[in-house]
Amino acid sequence: MNLHNLTIREIIEGYTLHKFSSTELFAEILGHIDQNETKINAFITNRTTEEIFSDVTDNLIAIPIAHKDIYSTQGIETTAASNILKGYIPPYNATSVKRLSTNNFITIGKLNCDAFAHGATGENSDFGPTLNPYDLTKTPGGSSSGSAAAVAAAFVPVATGTDTGGSIRLPASFTNTVGIKPTYGRVSRYGVIAMTSSTDSIGHFTKTVWDNAYILSKTAGFDPLDATSSHEPVPDYLLEIDKRINGVKIGIPREYLLNIDSVILNKFNEAIDILSHLGAEIVDVSLPSTEYAINAYYIITPSEVSSNLARFDGIRYGFDRSKFGQEAKRRILIGTYCLSAGYYDAYYLKAQKVRTLIINEFKNTFKNIDVLLAPVSPIMPPNIGELTNDPLKLYMMDVLTVPVNLAGIPSLSVPAGFDNNLPIGIQIIGNYFSEKLLYQIGQAFETETQYYKQTPKITERNNE
Amino acid sequence: MNNYVAVIGLEIHIQLKTKSRMFGNASNDVWQTSPNSITSPVDIGLPGALPVPNKEAIRYTQQFGYVLECTINKQSKFDRKNYFYPDLPKGYQISQYDEPFCSNGLLDIKVNNQVKTIRIRRIHLEEDTGKSLHIDGRTLLDFNRSGTPLMELVTEPDFASADEASEFAKIIQEAVVILGISDADMEKGNMRLEANISVKKQDQSDLPNYRVEVKNINSFKFMRNAINYEIDRQIKALEIGEILNQETRGWDEKKGITFIQRSKENAHDYRYFPEPDIPPFVFDDEYINELSQNLPKMPWVYELELIESGVNEPFANQIAHNQEKNQMYLQLVRENPQKSQNEIAKVVINRKSINEMRDYLNKQLDQSVSSKNTILTEDQILAVINIFPDAVNDLKAGKSNALQFLIGQIMREHKGQVDAATLPSVLIRLIGGSN
Amino acid sequence: MKIDIEYISKLAALSLSDEETMIFLPQLNQILEFINKLNECDTQDIDPTFQVTGKINEFRDDIPQDSLSQKDAISNANQTKDGYIVTKGVFDEST
């Protein structure tokens, strides 16, 4: 098998059985990237071979990783995919980067995304859009576009991302990868360039559920450098990941089924059948405040963004504020307006009250069910260029994902099939800190469906 | 002043001398260090950095509030105050808006023998900005000061004169130094003053509808001068029918005037919202009780205690407000249990060094102690001199230094507590010398 | 509810070109209309949620740690001089 197609689990096994060395693995993967990256444009920065191998040579169990370019990586250019930060080299590492590096994950590069994570298709990047490895005329979703594409194209077995309003789940569903949006506060935000401080969730992409759980076990846990990180103990996510899901109660929220592309709905219903077949109990539930979530989100987000981007004044780093992209400027303006005197009550405060309603609804619903199941995107992956002139339409791609962010609960996006070789995903939504259960359900579904094996042509899996 | 009264409020900023900064963990010991050499990503506002509040800084603030009789609020939080300035690295300052750590305190001041109670509206905690140097049309920035814990005390507009404001500020300075929470050295910028000044007609009951904010006052003298100048300027303006507006002015000590600073009308929309990166605070009774234990005594409290123990007010006042004098006072009280506290206080006030004070007190002491000397019996004297037969013989032979020698031995034997006046004649009679 | 783009952009320290203003104005007003939908939602007697963690009292002990070196702290600045970070002059005196 081509080494680049291995999962993390298989790599670890391979090292244990001395099937290949770390240098061999990295050499093969870097070669694969070399040949195919120009087609995808997943990376903004690639470390040189010398730099990478100086980290790998002494590390017999090194595994390659790439980070979304809003993660601070010491000594490696970090741009947030924006011209305003071109050339910025952080003098420190994000906590997540440190924890992964301590666990032998060696950074090979920084991944493309929507600038400052503002977007749902990756087209707001100042470094050109990333293309969907399954269909190069389509977007891979955003804002973690490069991260999703890199894992789908087998450039890396794991890529980090952030999910503030769906930015991991959406691209995961468009690229047949597994994406976790952990509980807010489960993984430290320290060192990740802030977008919406109260919803930014630090997560990652992998090929399989097991891999995903493995990575979370390394990144989760309290960080004294992040006052919002949780003291909740980290369970062993891998233990009993294969547990059968008999009797698990899955709620289907009817508000999440409105205005969805029929092709997606079909696959979603298939998924329900499969889970039912695996022993889960399916229940119909209602979350009436869902319709206001997107409006509340697009008040809270720009408001906090307008404040978080105030530090970019071109003095200590970066360029003049005129170098911000259009979407960043739009959000700064809307946010400044929503927080300004006379408008704060009607906008920011009001949105936070709606947030309370949404949280209460989720809390109530979890009294009677274990998890919720829902589609991730209302539409199939758009063509490159299709939505670039319509900011509002882009915002609406988040309708099914933002309620989870407002509440801070976790959600796992897993592959659920294809239409014309274009991936479709579903999300398993749980109560606070229920990631272990989400992984169990995801694992059961994956074992049954094996969709992860249907990789895009670029991975050359069929040539093996 | 004629028929006008001044209406003055103070805002006092005090840097806290914690070991690390307010929201970042770099050292807070930054006086005269090379620029930008002591910062963390948090203090310099790097992308991705997050604030974590310093526990000690919060305690210091609450303890300060406690001694000023404030309510220590059970619920509190930090908020973001958004504005742009080169020395403000995040483009917002983490401060407190509507839920400060302390509210509604009181402090009495005494000016011209009149006691006046000043109301303290609030004391909150925020972070200091970096330092700017303006040279040749450019601004040089040093972020070593950025993130230093900064306490802000706001009074009600209860002051009616520069003297009152000055007196209050001095007591505040003393208090924080005694508490050990700040050096309050104005030359180093540990303590900075701002005055809000307006005037109204004596018979006007409402507060004036404007105030002039005078900023960046870094000495008591400047504050006095600035306030007096402003009061004068405002009265003159009102007398000729001018309407006075809300504005910010700086003080030019050289020219002795206040001057308008760029009107920041628009910039005052700080768009406050609760700091999303820092969880709110809930303080229970146990916590509040614990932090108020074992605090150093405040001078105004101590002054009252001295007065109650019999010390006259002017002495009590001086001793209570002078650490050095107080130490000497306490020492001398210990050494002189038989003296009255007022007497010792008077001695301490009127003299410079502790030795001078001791001498004075001991002189009075000597006179009473000499009556304690004993007159020895002949047997006692013989008991000593019979140990020195040679000296006795010398004395018999008329050698005067033998006399001194024997007197010396007697004194030694009885540890000096002997009435030595009669010794020579007694000795000579006993020995039966040739005199 | 029309947005005063000149005032807001000043507050946000964004100097927009005429072209940008022309493009943004209709977009911003459209977005405002979109978020105004929240007025339909009844939130009377509902408390706002500013943080979802429910955490309180997160402090840090007053123990200093190593700081960035001067070199690292200023390494990304456009202009520096003798360890200072330099910017064009500002008219106000800062505190």
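As written, the chains take the letters A, B and C, and residue 1 is the first residue of each chain.
Following the convention adopted for this analysis, a residue touches a chain if its C-beta (ideal position, glycine included) is under 8 Å from a C-beta of that chain, and two chains touch if they have at least 3 such contacts.
Quick caveat, the model's predicted, so the values are computed rather than measured.
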Between the pairs B-C and A-B, the one where more C-beta pairs touch: B-C
Innermost chain, where centres are averages of C-alpha coordinates: C
Centroid comparison with subunit A (C-alpha atoms), farthest chain: B
Separation of mean Cα positions, subunit C and subunit A [Å, integer]: 24
Whole-Å separation of chain centres (CA-atom averages), subunit B against subunit C: 39
Inter-chain centre distance, subunit A versus subunit B - centres from mean C-alpha coordinates, in Å: 56
Junction residues of subunit C, two or more chains touched: 11, 13, 50-51, 53, 55, 58, 60, 68, 73-74, 85, 87
Multi-chain contact sites of subunit B, meaning residues that touch two or more partners: 41, 44, 52-53, 84, 86, 91, 141, 143, 269, 271, 273, 276, 278-279
Subunit A: positions in contact with at least two other chains: 88, 91-92, 198, 224, 227-228, 306, 310, 313, 315-317, 336, 340
Footprint of subunit A on subunit C - complex, ascending: 3, 5, 8-9, 11-16, 20, 23-24, 27-28, 30-32, 34-41, 43, 46-53, 55, 58, 60, 68, 72-78, 85, 87
List of subunit B residues in touch with subunit C within their complex: 13, 18-20, 25-29, 34-41, 44, 52-58, 84-87, 91, 129, 132-134, 137-143, 192, 215-216, 250, 261-262, 266, 269, 271, 273-274, 276, 278-282
Subunit A contact footprint on subunit B (complex, rising order): 41, 44-53, 80, 82, 84, 86, 89-92, 141, 143, 269, 271-273, 276-279
Contact set on subunit A toward subunit B in their complex: 70-72, 78, 80, 85, 88, 90-92, 94, 189-194, 197-198, 224-228, 303-304, 306-307, 309-313, 315-317, 336, 339-341, 344, 348
Residues of subunit C touching subunit B in the complex: 7, 10-11, 13, 50-51, 53, 55-65, 67-70, 73-74, 81-95
